[in-house]
Every structure is written in C-alpha cells, then in structure tokens.
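First chain A sits with chain B, and in the next complex the same chain sits with chain C.
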Partner chain A sequence: MRNISILLKVELLEAVRNIKFIWLTLFFTLLGVTQPLIDKYMEVIIKSFGGVEGIMIDPNAPEPQANEVLLATFSGQFNQIGLIVLIISFMGMIANEKNSGVQGFIFTRPVSSLEYISSKLFGNWLISMVCIAIGSFISYFYTVYLFGYYPIVDFFLFLVCYSVWILFVVSTAVLFSTLIKSSMFIGVATILLSIIFLLAGNINSTLSLFLPSGVLTLAESLLLQTHDINFLFMIAPIVYILINVYGAKAFINQV
Partner chain B sequence: MIAIHKVNKSFRGRQILKDITFDISEGECIGLLGPNGAGKTTLIKCITGIIHYEDGEITFHGKDILNFKNDIGYLSQNTDFKQWMTCEESLRFFGSLSGLSKAYLDEHITDVLTDVGLKDKNKYKVEELSGGMKQRLGIAQAILHRPKLLILDEPVSALDPIGRSEIKNLIQKLKTYTTILISTHILDDASEFCDRYIIIKNGEIVGNITNQDETINKKQVYFQVNAEETAVSPVKLNESYVLQEIKPGQFSVTSKEPIVFANLMKELDKHHIQIHSLAYEKKDVEKIFLELVSEV
Partner chain C sequence: MNTDISVLYDVDWSAILPLVLPILILHLLLLVVALIDLYRRRDMINHPIIWLIVILLLNTVGPIIYLIIGRRMLKNDRHS
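Moving on to the complex of A and B:
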C-alpha cells in the first residue's frame, strides 16, 4: 500500500507539473458548456453563420429539459471528442516509462507489478475524473441556469456511474501498454476498442449487460430518472476492469 | 553470493537465454561480455526481477533473489528519469520505493550526489542534465540504498570520452566496497575493472575466464619469413616457446612466460629460420572474446 501511495503521489504531481490538470479541465469545461449553448441558441448561431435559409427549425419543438441537455453533453461531447483527447492524454503512461528505463528502476525496487499497475490505473483515473468532474459541474450549473432545475444528487450519481466507464477505458490503455511499445498505437487501439463497445452497447440493452459500456445505460437511466434502473449493468465493467488489470499483470514482466 | 542456475528465457518462440549458469562471489567485479543482441540485457533484467524467466533459478545467499531487491542496485542501458523531477526529487522517489526513511534520505542524498559529482546540480531538473550527468544520477539512484550487488548495464557505451572517463573513475571507486556485475561490449573498459569475464553469445555462455587465467596472459610474437625461405614446419622451439604457422610465410611464437627476444632469436637461429619482420602481442580479453564470439 505504501508503494501505491508513493507511485500515486508522483503520478498526481506529474499532472500538476505538466499542467495536465489545467488544460484537461479547461478542455472538458469548454466541451461541457458547448452543448447547452448549442441547444439554447441554435437559431441565433445559425443566423449569425449565414441565416436559416434552407434549414427548417421546428418553431413548436419543445425546449429540452436540463437532464436531456446533460445527457447530450456526455453522449455527444464527452464520449466522442472528449474520450479521444482523454485517451491521448494518458496513452503514454506506461510506454514512456518503459522506453526511458524508469520502469526498470521501479521494478528493481520491492514494488510488485500489481502495485505498479494499480498506481497507473487509479492515478490516471483520478486525474481524468477530477478534470471531467470540474468540467461536468460547470456544465451542470450552466445547464440548470439555462434550462431549469435538476437535482444535483442525481447528477452526482450519474457521474459516479460514468467514472466506472472511465476506469474501464484507463484499464484498457494499461493493458495495451503492456502489449504494445508505441504510445500512438496504444492510443489508437484504446480509442477503437472503446468506440466498438460504445456502438455495441447501443444495439440492445440485453447485450449491454455483458459489455463494459452497459454502465452508461445505467448512468443514462439515472440521469433521465426512468423507472427501469438495473444495477446489474455494473457487473460487466467491473469484470472487464479486473480482466484488464490481471492481463496487464501477466504481460508486464514478459520482456 | 549470487548463483544463477540453468536460467532459460524465451519470447515469442525465440530462445533468448539458454541454460545460463554461473556464480558471483562477494567482492568480485564481473564483466558480462557479448556482442549486441547476445542476451546480456535480458539476463540482467532477469537477475534484477524486471522480467520473468521460465526455467532455472537465481538465488542470493541461497534464497530467491526477488526477496533481496533492496540488496541490488541497478543502472540501465538507457538511463533516464522523469524529466520534470529534480535530481534530488528523483533520488527521493526511488529511495522511498526502496523503503528508505525520510530521515535517511535527508542525511544521505547530498552525500550520494557528492560521490557522483552532482552536488551542485541537486536542484536541476533531469531535462537540464547532459547524458553523462544522467548516467551519474543513474549510479546515484543505484547506490543510494547501499546495495551489496551493483548491476551496471552498458554504463559508458552512450557517453562521450569525458563522460566515459568520469563514470569509469566512479566505478573504480565503487569496486572497492561492493560487488559489481557490469555488462558491456567495450572490452577495453571491462579489462579496466573486471576480475572475471562471462562471455555470452546467442543467449549461451561461451566463456568464463579470470584475469589469472593462463589463456589471458599468454604472450605471442608474430614474425614473417621471406617467401623463398625454406619451409618452416610447426615445431616446439624449446620448453617454453611454441612455433605455429598462421598462413604461408607468417608464423607465431606463443609462450606462457614473458618472451625474451634475445633467447627467441637464438632459438630461431638454431632452427635456421631467418626473420623478415617481428611483432609482439599479448593475448588479452579482446582477443579471447573475438575468438569465442566470432562466427567460423
């Protein structure tokens, strides 16, 4: 536990020194305020970019509710461009240390591979979630200001479920880092696999039960306050995370 | 102290280490020699526990070496650190992972940085250091916890002449109080520090020789005779000098004793051999290494 805490501290300190905390938070804040702005001022935006000629906007369309805007923020912004940038931000977490020899110095200390992997997993998850959470809460307050009240506790629960999805994404990058040397290929492989799971999760909810992206179905139910909340969606991502961690443990000391 | 017994390692179907077996005694300085790709770094990574091996065992005083990681100091081939850390922070980080207390680190970091000549660079970021300085910082992290065995993987191969000289002086100092296993393909460097040499080729040990070994101190004289000279057949000139033909017109005289030229000339004259030219050579580690690793 002592080793995990030392490694974790260094991971967080690195994010502070490399101003990753700042730029990633700014990025997610920007993404977070984009969706409510688009939803609220679509007509104004279109007008300012050349008018509405040829574009039909239903004048009777109801204004979306706050939770619908928040869902669009996550599914449309955070899970697309946000996810890609996030993966790029941590794709070199293990490969860079392996290539520079730092990992060798760490493993000649009494540090187990599981301690090392756990520190990478939780360190990068924590960094990602702090930045996403700040961006999300700014987005939440902005959405509530523009579209009306939505309970913050429900939004918090949604964010907890979303964080499990992020933990899965980081664990996938950790696994690929033990198999692939190049940071770029680790990033591409993680992005592709995440997108495949996201798309497969949209096919039907029964299939989602067996996919790590199923937790997003649960998060969506919590956000939209539907009555079909099924916590079984939590099982698959946890199983996938454990498989990724133990897979990484098996491969990290191979060569 | 360390016993490596029948260690095998393969990766993606390729055997990288084959039945590696040798011992390291306390106080020894051993050179692990071999051409690039011979398996030196893989062997070192197995000894230090960075990678796992399939068969065999590596023990430290009879027990699995992985239980004694704090007794080993390691310097990797391409030494680098987290670029944003200062020298002092790097040592604190690795020292903490070795289980060293804050009080110990407060007391010893300056001493170690002084030992490696980086005392005035303690607040420098790693990204500001030259290659030689990084290598010295690498040695500092390797000796900070006072290891009983120091493993250095190609410590000078990537350095310029000044950096090489600095590191070599440092290794000479370290040799006085710790056991060292040093991997290199620069044989001149190895012969400066090492008492014994393990020569490795294609993952197999092909030589294990000491500085006291007869083969390493053998003296040789090469000479040429005129083409029209009467053929010289290989002959034992006397008790200590052995004559051998290398190629037509070229011969060598080998001796376990230092060769006295006047005596040699007398012996050659006795056998009516007229010399055209002479060259003296001591058979050193490099010659033995080349004999052992060169493809026939």
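Moving on to the complex of A and C:
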C-alpha cells in the first residue's frame, strides 16, 4: 500500500512538472464552454457567417433543456475529440519508462508488478478526472446560466458514472502498453478500441449490459432523469477493468 | 475552407463578442502556456523555430501537439 502511494505521488508530481494539469484543464474547459454557446446562439452564428439566404431555423423549435445540452457536451465533445486528446496525453505512461529503463530500475526495488500497474492506472485516472471535472463544472455553470436550472447533485452522479468509463479507457491503455512497444501504436489501438465500444454500446441496451460503455447508458439515463435506471450497467465495466489489470500483470514480465 | 477574410467586416461584432470572448481568452491562455514552455526549453528541444510556427499557426491543435509530443523531442535523445 505504501509503495502504491509513493508511485502515485511520483505520477502526480510528473504531471505537475509537465504542466499537464494546466493544459488538459484548459482544453476540456474550452470543449465544455463551446457546446452550450453553440447550442444557444446557433441563430446568431448562422446569420453572422453569411451566404445562407433561405436557411432558417424553425421558430417553433423548443428551446433545448439544460440536461440535453450537458449530454451533448459529453457525448459530442468529451467523448470524441476530448477522448482522443486524453488518450494521446497518457499513451506513453508505461512505454516511455520501459524504453528508458526506468521500469527495470523500479522493479529492482521490492515493488510488485500489480502495485506498479495500479499506481499507473489510478495516477493517470486521477489526473484525467481532475481536469475533466474542472472543465465540466465550468461547462455546467455556463449551461445553467444560459439554459436554466439543473440540480448539481445529479450532474455529480453523472460525472461519477463517466469516471468509470475513463477508468476503463486508462486500463485499456495500460494493457496495450504491456503488449506494444511504440507509444504511438498504443495510442492508436486504445482510441480504436474505445471508439468501437462507444459505437457498439449504442446499438441496443441489452448488448451494452455486456460492454464497458454500458456505464455511459446508465450515466445518460441518470442525466436525462428517465425512470428506467438500471445499476446493473456498472458490473460490466468493472469486470473489464479487472480483466485489463490482471492481463497487464500477466504480460508485463514477459515482454 | 473559407479563405475570404473580407467576410469578417460584415460580422456584427457587438452581438457576437460576449459569447466569443471566453473562448478567445481560453485559446489565448493555451497559446501563452505553450509559448512560455517553448521559450524555457528553446535550447533543449529539436527545431524550436518549427514548433513556434506550428504553435502560432495551428489553432488549438498546435499548442496541444507541442505540449504532448514536441516538448519530449529533445536534442541528443536516443529514444525520440
């Protein structure tokens, strides 16, 4: 336990030194602020950027609700370009240490590979979630200001569910880092796999019970406050995360 | 891509400014963070001039590419 906390501190310190906290937070804030503004001022934007005679927005269209805009922020921005940049930001976490020999140096100490893997996993998850949380709370305040009230406790619950999905993505990157040497390929493989899971999770809800992206279905129903909230969706991502961690543990000493 | 800059004169800036301002400020912050980091590492990294051009010309993507990849590509480094 002590080893994990020390390695975790190293990971966080490295992120502070790399100014990763600053730019990742700035990036997610930028993504989070853009979506509500686009939704609110679509008419002004279309009018201002010219050459659109004949295009009109239905004046009877209902104003979008705050939770719909928040959902659009997460599914449209954070889960696409945000996820790609996030994965690129931590794709080298194990591969760089392996290539420069730091990993071998760590294993000369009494540190088990499970401790090393879980410190990497939770360290990068913590960094990502701090940045995403700051960005999404600024996005939340914007949305509330522009579209009306939405309870912050519900949004927090949504964020907790979303963090499970991020934990799965980080664990996938950890698993690939033990298999592949080049950090570029680790990034590409992780991005592809998570996008496949995202697409497959939207096919139907029975299938997404068995997929890690099912937790996003749960998060969505929490945010939209529909009545079919099914906490069984939590099981699949946790199983997948455990498979990834133990798979990484099995592979890390072989390659 | 629309390269006709004269369109910018027709924009109703007073209507659009309050909603664009926070985004502009955030872009500027990201740019400044990348530039400060580039300035502090100008003797360490490969081709600082090319990274300067990338940061200045590619909006949002440029600073992020520099901060992820560029600042790790050091001179005399076997691994990059």
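Side notes on the structure shown:
Just so it is clear, the second predicted complex is superposed on the first by the 251 of 255 C-alpha atoms of A that agree within 3 Å, B and C clash if a C-alpha of one lies under 4 Å from a C-alpha of the other, contacts with A are read in each partner's own complex, and residues count from 1 in each chain.
One rule holds for everything that comes next: contacts are C-beta pairs under 8 Å (C-beta built on N, C-alpha and C of every residue); 3 or more make two chains touch, one makes a residue touch a chain.
Fair warning: this is a prediction, and the values are worked out from it, not measured in the lab.
Aligning the two structures on chain A places chain B and chain C next to each other without any clash. Angle at chain A (Cα centre) between the Cα centres of chain B and chain C in the superposed arrangement: 80°, in steps of 10. Applying the stated contact rule after C-alpha superposition, one finds that A:100 touches each of chain B and chain C. Legend: residue contacts after superposition of the two complexes on their common chain; A:62 is shown touching neither chain B nor chain C.
Look at A:27: by the touch rule set out above, it reaches chain C but stays clear of chain B. Superposition on the common chain places the nearest Cα atoms of chain B and chain C 8 Å from each other. Judged by the document's definition of touching, chain A residues 18, 100 lie at the interface with chain B and also at the interface with chain C. The residues of chain C lying in touch with chain A in their complex are 7, 10-12, 15-16, 19, 22-23, 26-27, 29-30, 33-34, 37, 60, 63-64, 67-68, 71-72, 79.
On the side of chain A, the complex with chain B involves touching residues 2-3, 6-7, 10, 14, 17-18, 100-111, 253-255. Those residues of chain B whose C-beta lies close enough to touch chain A in the complex are 11, 42, 45, 48-52, 69-70, 72-74, 76-82, 84, 93-94, 96-99, 141.
The part of chain A that touches chain C in the complex is made up of residues 18-20, 22-23, 26-27, 29-30, 33-34, 37, 40-41, 44-45, 47-50, 85, 88-89, 92, 96, 99-100.
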